[in-house]
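Quick one: structure below, then a few questions.
Chain IDs A, B, C, D, E and F follow the sequence of writing; residue 1 opens each chain.
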Amino acid sequence: MRTHRERLPDVPSAELPSEVPTLHATPSGRRSEVVSYSDDRRTRGLRALQEITGQSGADVVGTLREIAPDLADWVVDFSYGDVMARPGLDRRTRQLATIAALTALGNAAPQLAVHIRGALNVGCRPAEIIETIMQMAVFAGFPAAINALVVAREALVQK
Amino acid sequence: MRTHRERLPDVPSAELPSEVPTLHATPSGRRSEVVSYSDDRRTRGLRALQEITGQSGADVVGTLREIAPDLADWVVDFSYGDVMARPGLDRRTRQLATIAALTALGNAAPQLAVHIRGALNVGCRPAEIIETIMQMAVFAGFPAAINALVVAREALVQK
Amino acid sequence: MRTHRERLPDVPSAELPSEVPTLHATPSGRRSEVVSYSDDRRTRGLRALQEITGQSGADVVGTLREIAPDLADWVVDFSYGDVMARPGLDRRTRQLATIAALTALGNAAPQLAVHIRGALNVGCRPAEIIETIMQMAVFAGFPAAINALVVAREALVQK
Amino acid sequence: MRTHRERLPDVPSAELPSEVPTLHATPSGRRSEVVSYSDDRRTRGLRALQEITGQSGADVVGTLREIAPDLADWVVDFSYGDVMARPGLDRRTRQLATIAALTALGNAAPQLAVHIRGALNVGCRPAEIIETIMQMAVFAGFPAAINALVVAREALVQK
Amino acid sequence: MRTHRERLPDVPSAELPSEVPTLHATPSGRRSEVVSYSDDRRTRGLRALQEITGQSGADVVGTLREIAPDLADWVVDFSYGDVMARPGLDRRTRQLATIAALTALGNAAPQLAVHIRGALNVGCRPAEIIETIMQMAVFAGFPAAINALVVAREALVQK
Amino acid sequence: MRTHRERLPDVPSAELPSEVPTLHATPSGRRSEVVSYSDDRRTRGLRALQEITGQSGADVVGTLREIAPDLADWVVDFSYGDVMARPGLDRRTRQLATIAALTALGNAAPQLAVHIRGALNVGCRPAEIIETIMQMAVFAGFPAAINALVVAREALVQK
């Protein structure tokens, strides 16, 4: 397969290092937020990605970089740098909202696993994660909730 | 249209009063939680329904009672009495998780409006509600987020 | 808007009459099935469309004919002639299965209304229709079931 | 992973036996319905679960009990005791409506397999199950129907 | 309702002018692409938004700016500046792919209308738009295709 | 499992040969379109199926023939003969529209793989396929786009 690299020529390409830096993460994957006022989207995105998803997010971005490098950049710059890094909602609530949405959609098991582990990384208790998924039985039906609980059992054990 | 009332004979029918009691709600719709240990599912459900959705939830239940009275009971007893009343997650997080899921599903505008007002009732700030919806652009796409914001604009103004 | 008529030249165009024939429907919209062995897809489809959906199906096909005439043909020939006319399942079960699916999908209110009236046309009782929708609370969540009940209330009253 | 058991103190906990009783099921998995007038939700739910899903439903509930015991109770008490056990629709129609919905949703393969076997348990013929799934090509598209047929092939062979 | 403006302090706020410039669009809404190499995301996004959606896109962004100004920026900078402006696919194909997706999702009628008009703006013929929607009957079912055709009839007439 | 063959007696059964003919496909899988004016739906469908999906489509149809032979016919006659073979849109655009829709739906990975290979068969470049999927991050969210890219990586490598 041919690689796919058709960057717009005017994108100021603040290159993503091929190795996503580990940023001195503690063993639990949690760390204090030290986003500097001078951080740009890329730095902020990499930091949020690391703080929330730890190694599993870096793995996803690495896989995407092989097939769609610009989408890998969007994950870092837009999803994490513009959206997930925002101060308007605490990280725990953001993760539980994400878990609720992915449970309801019911077609994104890999992302659900990443964000369940991400919820643990930012300090959610397993019981809160499971409680959020259980609540989805009301809004998206029992199959959606049950399938997400199966993903959660796996993701919480791996952690 | 014929009414539809085929209760199982063994359902101990703790009758729902035709008028859902207002439970001394404050003008803002918020009240302290005083769920007694002796409350049964119905009492607990009515209380949670009132605390979270105020009049709009009572209106929905009233409408349902005309066409599918047992489903109206399920909303009270199961959705609110068994699920939403649970202590495992604070009410604000439950509402934001609900808003995230309904935004992502994208086909439940009336429920989204009820739960946006419900989020205000339990103490969420408008900015938190909007922030939760904005985050869904990442997980469910921009159309889902934009359509939910249009619902939110209406629901937040009405409040 | 330009009309859109790019038939394949080799489609043997058994023309659909501009007026969908009423086929001596009884006042209740029900009639005995007399599909002849010599009926082709078009005849079989028109008959099934009429028996199941009555005027509302003819209206939909008429509207489609203005904007996408070949899709209007597909509705008659494929959806009704090939699929809905099949003997492998009785008409009542087919309609309830359709109502279940459209309730669960949650984004097809106009079709849900047509098929609720269609269910009445083929002999389903209103209570069975409502029961089918109520069951979807388990499989697709309460918002899907509630929104479908609102459609049903309207469709059952109009009938 | 920590277990998750935060029952509301006022839930009268009619304990679910750790072994779901087999209720003298016949080899074909079918049995006459003998729901007593005095059965409560739990008893009625366990009975319906057993009659419809046989061992596969018990396995799902057992798995859920490990990670989210209260949701396991909801499956028994609400999904089966309140909803699926209702007399308003015969069991065969309920199963085919469920299969239609799960086929259309397209993201619940494990539940679809359970309910296809459940349809056989309550007396549906394989041809009726396949016919229901085929019909979904019209309402939810060919991919949804095809993927459900692949699940059905597996589930019908296992039986 | 309180306005919602919680920008990250380090976002270099290339202010979006309150009036989206019209960029000398021709009466047909089409214009040659003259994206300069020095354009940044904002300029590129505004240009693509104007070229594709004309006034309807500007209206949507204007509405969003009132309730969620940062999401309005994301629409311009990310959706149009990063994604839709990319050279890897011609504009006509991008619009038809968008129409296919929104038809299949079935819960984004306002966006579908905007992108149908957008398809005309970038040179798609009405017949191509309708053909794309018709094809979705195969992949997402007839209700999705029919509902999108109803949107298209309206959007193509308004044009 | 019992086989399922309940053809309507009046279907003129232009039998599908058990072996789908290869039609002198070139190694690349592409061939000039030579649909004769006298072709009927079946011939036209088989030809389009072969030209677009090559062996993978024939395999799917073969699998379906075992469990639901009439649906296998519908795939050939309706999906390919009536819809995909139409001249109103070029094959490359049809495939990219299909990929966009299946990416957005997010629950049809097997069909997405077939149609990604189909896109190559009709002359799409891998970069165009990936570009189409990337665009779906805007309209259906990042999880949908990422999961489709993982399917694409596999499908493009296999080719």
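Just so we're on the same page, a residue touches a chain if its C-beta (ideal position, glycine included) is under 8 Å from a C-beta of that chain, and two chains touch if they have at least 3 such contacts.
Please read these numbers as outputs of a predicted model, since none were measured by experiment.
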item	value
Chain pair with the higher count of C-beta pairs in contact (A-C, B-D)	B-D
Chain located farthest away, centre of subunit F as origin (C-alpha)	B
Copies subunit D and subunit F touch via same or different residues, half shared test	different
Approximate Å spacing (C-alpha centroids) for the pair subunit B, subunit E	34
Interchain centroid distance [CA atoms averaged], subunit A/subunit E, Å	27
In subunit A, residues with contacts to at least two other chains	4, 6, 70, 74, 78-79, 83, 86, 88, 102, 104-108, 111, 127, 131, 134, 136-144
Contact set on subunit F toward subunit B in their complex	104, 136-144
Residues of subunit F touching subunit A in the complex	105-107, 125-127, 130-131, 133-134, 137, 141-147, 149-150, 152-153, 156-157, 159
Partner subunit F, residues of subunit A touching it in the complex	1-2, 4, 6, 60, 63-64, 66-68, 70-71, 74-75, 79, 102, 105-108, 110-111
Subunit E residues within the subunit A interface of the complex	4, 6, 8-10, 35-40, 44, 70, 74, 78, 82-83, 85-88
Subunit E residues touching subunit F - in the complex, by the definition given at the top	78-79, 83-84, 86, 88-89, 93-94, 96-105, 108, 111, 127-128, 131-132, 134-140
